[in-house]
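After this come two complexes, each holding chain A, first together with chain B and then together with chain C.
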Partner chain A sequence: MSTEQNPKPFHFPPHHSFPPFFTLQPTSSTRASQLSSWSALILSYCAHHRLFSLRFPSALALPLFCNEGLGRRLRAGDVKAVLAWMGSAEGGGRVEWVDGGGKKGVGTGTGEGEILGEEGLTGRCWVFWRRAEEWAAVVEEWVERTGQKGVVLTLYEIGEGEGTAGEEFHGMDGELLRRVLGVVVKRGRAQVFGEGDGLGVKFF
Partner chain B sequence: MFLRQIDLTTALRPLLLPDETLLFVQDSIGLYEGKYKIPHYQNGHAYLTSHRACYVDNEEPRKYSVAISLKEVERVEFYAGFLKSSPKVTFFPKLSKRASLSLRGPNSANISNTASPRTPPARYGSPAHSLSSPTPQVSVKATWICPICSFSNPVPSNFDPSTANIHTPLPPCLACGIKPPLVHVVKATISSMTNRQSAPIAPVPLRPQGPAGNFAPSTSSDNLSDPFATPTYRCPRCTFDNDPALVSCEMCGTSLVAMDRRLDLRDGVNRVESPGPSLGSAPLDHDIIESIKFSFRDGGEKIFHERLKGAMVQRKWLLESAPPVPKPGRNSGTFDDGPYAGSGESLDRNKSVGIAALERRGMELRKTNELVIGNAFEDLEALMTSAKEIIALAEQFASQRNITNGNTTETNALVSQSASALGLVTTKDMLGSGSNSLYLSELSRNLAEFLTDDARGILRKEGGIMSLVDLWAIFNRFRGGVELISPTDFEKAAQLWDKLKLPVRLRKFKSGLLAVQGRDRTDEKTIASLQSWLNSLHSIPPPDKVSWDWTMFGKGVTAQETAEHFGWSVGVATEELEMAEERGVLCREQSFDGLRFWENWIVNLPT
Partner chain C sequence: MGNSGSSNKVSAQDKAILDMKNQRDKLHQYQKRITVITNRETEVARECLRKGDKSKALLALRRKKYQESLLAKTDAQLAQLEILTADVEFALVQKDVLFGLKQGTAVLKEIHREMGGLEAVEKLMEENEEALAYQREISETLAGKMSNQDEDEVEDELDALEREVTDVNVTMPDVPTAELPLAEDLNRQKDRAKRRRERDEALVAA
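Let's look at the complex of A and B:
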């Protein structure tokens, strides 16, 4: 879902226009700083445009990875390395590849991502600008606020329904939403029943 | 001042005086005064030169390094060592000092006078020693003021006003390079000597006026024979008995103040003779020393002693005041003499002018050269004595050959100058037997001296950094084909620079290249200069239009640009940039037009 939904332009941080920012640094201390800067940039960009996942290779053309004005772009291999770092424990597990990820050529460790660097980057990855646990809290808070406890809601109602139009999780991918609800169920605050598209959830 | 503080070179070796040559080096040396160890002087190198025996401390060479001037040595004793006792070489100072030393004890007057009643008066009565005997040498702190630029220069420590003559080599002024008139230096030396002597002495009335027994040190044996006679003070020069209140001899005007110093020295005697394993203080401060022992804890004593004996026989220090080799004058049979030669020639030269005069001068020069060479090669002895002239000639020929060949590169010039520095070079036979580590450390010091010599400026010419291989080549050429150094020894010696705290360092680049650079050129300094350069790019608009905010980020530089800016080679520039990158100061940008280095705004995010 790499379509931009926010009409307001994203304000890039100054280092996005610093040419060496688009070259992955070999020095470890500099590299660590660079990776965390990239991670913060990607998360805030996705949050701004309400992107829950990035689909490659089309996402490589986003202004995020490609600064047209500067004439610099982050190469696919480096993007892979950045995303791999974000998915690692060091990066806070902010990225997760859909469909197992690994077989698509990107692992969870930075090293693996580098080795596969120059190969084509394809596939889709979740960008957790909020983690599943945080989403669960947001959804619960909405249910509480709108007094829908005990009411059976379909996933469609939560994700796409008119009732959630102004909420952050509006437009959330069904798969991600199911994961979020799984967290709520695990906490014992809801119950999921039904199957397929008719999946229903009841908060209590 | 039997032991004298010495000056060291940049490589922490003794600074050799003009005409001084190095004879032998040995490490693991300790110093004794009399029977006692001298504190702080227990682990060092001994350097035997033609003029001096030097001790250079390993730990604090600048502070604890002393030398004995061989000309002040009366005799040398050799002790071969026994069980745990190391072999030792003992230096006894000349008699004048020892005589006064033996006078120092409370009852020493009687002892000394009964032991050798005639010796002291004989010494002091001799006019030849009157000037030099109390302190035959100048204090190291004596200075002379240049009459041209009024710079205050140190008097060379081997300068002796009593023997100086017009042929004594005088160093030029350090500031303006003009040689001082001899009289000027002699005056300065003498005045500093008298200052020094009178300084510790109280005004005249304080001089002991008691019974004659106290006064016995005035070396008059008459006083002894008649202890209750009116105390008198015998002039050392004319033997006139002066009233003790007088400062200078009534008869001849010689200063009598100097003699009082022996009275002061009595106080020192208890300290020196107090039993104890080592002395409380270094003996530099007090002048009277019974003997100095060099203790050889790691061998080498035999060669040291042999060479020392040789040096004592050769007495090269006498050459300082000897006139230069006489040159044949215009009229055969008469010899021009030193400074007068120049004026005589110039008078003659005025008579003929033009090309004829030039040709004549050339002819004369060739004749002189012929004569010098002819004399020198007559026999080996002659060659030794005129070595200096021969070397000068050889260098001259070498430079002429270079000019005619038209290939005067700097390195060639360097090599042709080499002979003059031969005295500095350590060869394996100068060193104690079998101590390879000593050879390496000496070689290491040699190298450091070679590199830091301002006259040659090797490092400066190479942009402050040069590869070890280049240095090896130059250094071996510089040795003139003698005692060539193996690459292994050379690398080992270079690796000792750090350990020996020498002013150059060996740098290993990531590629494995070994390079040599000054110790003061640290990574921090290189980084600082890189930073200030990159910083300056913030205010200079780039020539082409750039897409980024150059006032904020400056500009990326390539290794090529860096090399041009700092005068380095591109290889060195790359290494330096990568070094700075590794330290997190720079970051890189791999773009279409190559690798560029930027200030690290990735870590120091601009706000």
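Let's look at the complex of A and C:
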């Protein structure tokens, strides 16, 4: 899922070219504003490239975390801190680790000069540039607009089918899609049925 | 809203449709795979040719040809599957339409039953006609018993009311003299008496 699908280049904000931005500052007020800037940047970057999740350590090499021109990169420990903040209530619960990965070893000391992976930043995390509830609304809107209420749809069809090619949720990870549909089911607006890979959904 | 979800249960037909659609998805994936393979075989053939290995290139192209024939076959299967799915879905729609028609007809019949059939309506209309005629007679009888003076007074009142209604929002200037309207009234009374006489004569003639 870490393939970049948007051909247009992402315009980084000016602070992405500001060297101190790549080092988390110890002063709490500076750190807070830095964390929220990083959070906003990660969300808009993932939204632009339609990345639903980030896989570490490979994601550390994305231009998001390292500015080649500047010769700076956000170290794995700091990335972990930013993601942890984004996953907290304060950060709006925008990040969630898959299978509890990345949890262990949070807050370990950062080794000088070491950059990739060696700090225990492995695993995959969801990046909710739209929350599951928001995705649910998007999918429901699509079903409504295309007159597919009461029609049996396969999950593959929603995520990968030709019919959703232009939609925002096209290419969405199956696991995330199941979660999004879970929200709709909970609202009593759809039912998921079938088993294994051949899951289907019917919207009411 | 909470409990209404149970009425939207997934039916056996839905499950069958899902099976068909899953099958279709699998074919789609299969086609994707084959397309990748054929592209790769072309690459392989090109590579072999560059190296001068003609027989190997030929083999790759043969494999590619075979995969392409598979692709064409799956295309036909896919079309069949899609037609079947569409037919099933359309049949379900038809079923719904039929159900709607059935409901509508039942309601219409029920209403007709409550109305008591065509005969009852005809009878009612007849009775209605009679009642109307009777009412007309009564009115005529009543009207005949009124004296001319009564009629005059009634009509004067009507005129007065009419004036009131039409002039209700207009502030009129004070009436300058009292004589003119009196003479007018007299004239009007005479006129009306004449008209009534004519009408009575006409009635008698009829």
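Basically, the second predicted complex is superposed on the first by the 187 of 204 C-alpha atoms of A that agree within 3 Å, B and C clash if a C-alpha of one lies under 4 Å from a C-alpha of the other, contacts with A are read in each partner's own complex, and residues count from 1 in each chain.
Note that in this section a residue touches a chain if its C-beta (ideal position, glycine included) is under 8 Å from a C-beta of that chain, and two chains touch if they have at least 3 such contacts.
What you see is a predicted model; the values in this text were computed from it and never measured.
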Inset, instruction - In the superposition on chain A, see if there is space for chain B and chain C together, and answer fit or clash. - result: fit
Legend entry - Contacts of A:166 with chain B and chain C, given as first, second, both or neither: neither
Legend entry - Partner chain(s) touched by A:17 [first = chain B, second = chain C, both, neither]: first
Legend entry - Spatial angle chain C-chain A-chain B, Cα centroids [nearest 10 degrees]: 120
Inset, instruction - Please name the chain, chain B or chain C, that touches the greater number of residues in chain A. - result: B
Inset, instruction - Could you say whether A:9 touches chain B, chain C, both of them, or neither, answering first, second, both or neither? - result: neither
Legend entry - Touching partner for A:147 - first (chain B), second (chain C), both, neither: neither
Legend entry - Three-chain overlay, closest Cα atoms of chain B and chain C, distance in Å: 42
Legend entry - Interface residues of chain A shared between complexes with chain B and chain C: none
Inset, instruction - Could you pull out which chain C residues touch chain A in their complex? - result: 1-2, 4-5, 8-10, 14-15, 17-19, 21-22, 25, 28-29, 89
Legend entry - List of chain A residues in touch with chain C within their complex: 151-154, 156-157, 161, 188, 191, 193-194, 197-198, 200, 202, 204
Inset, instruction - Flag every residue of chain B that touches chain A in the complex, lowest number first. - result: 547-549, 552-553, 556, 581-582, 584, 587-591, 596, 598, 600-603, 605-607
Legend entry - chain B-facing residues of chain A, complex: 13-15, 17-23, 25-27, 29-30, 33-34, 37, 69-72
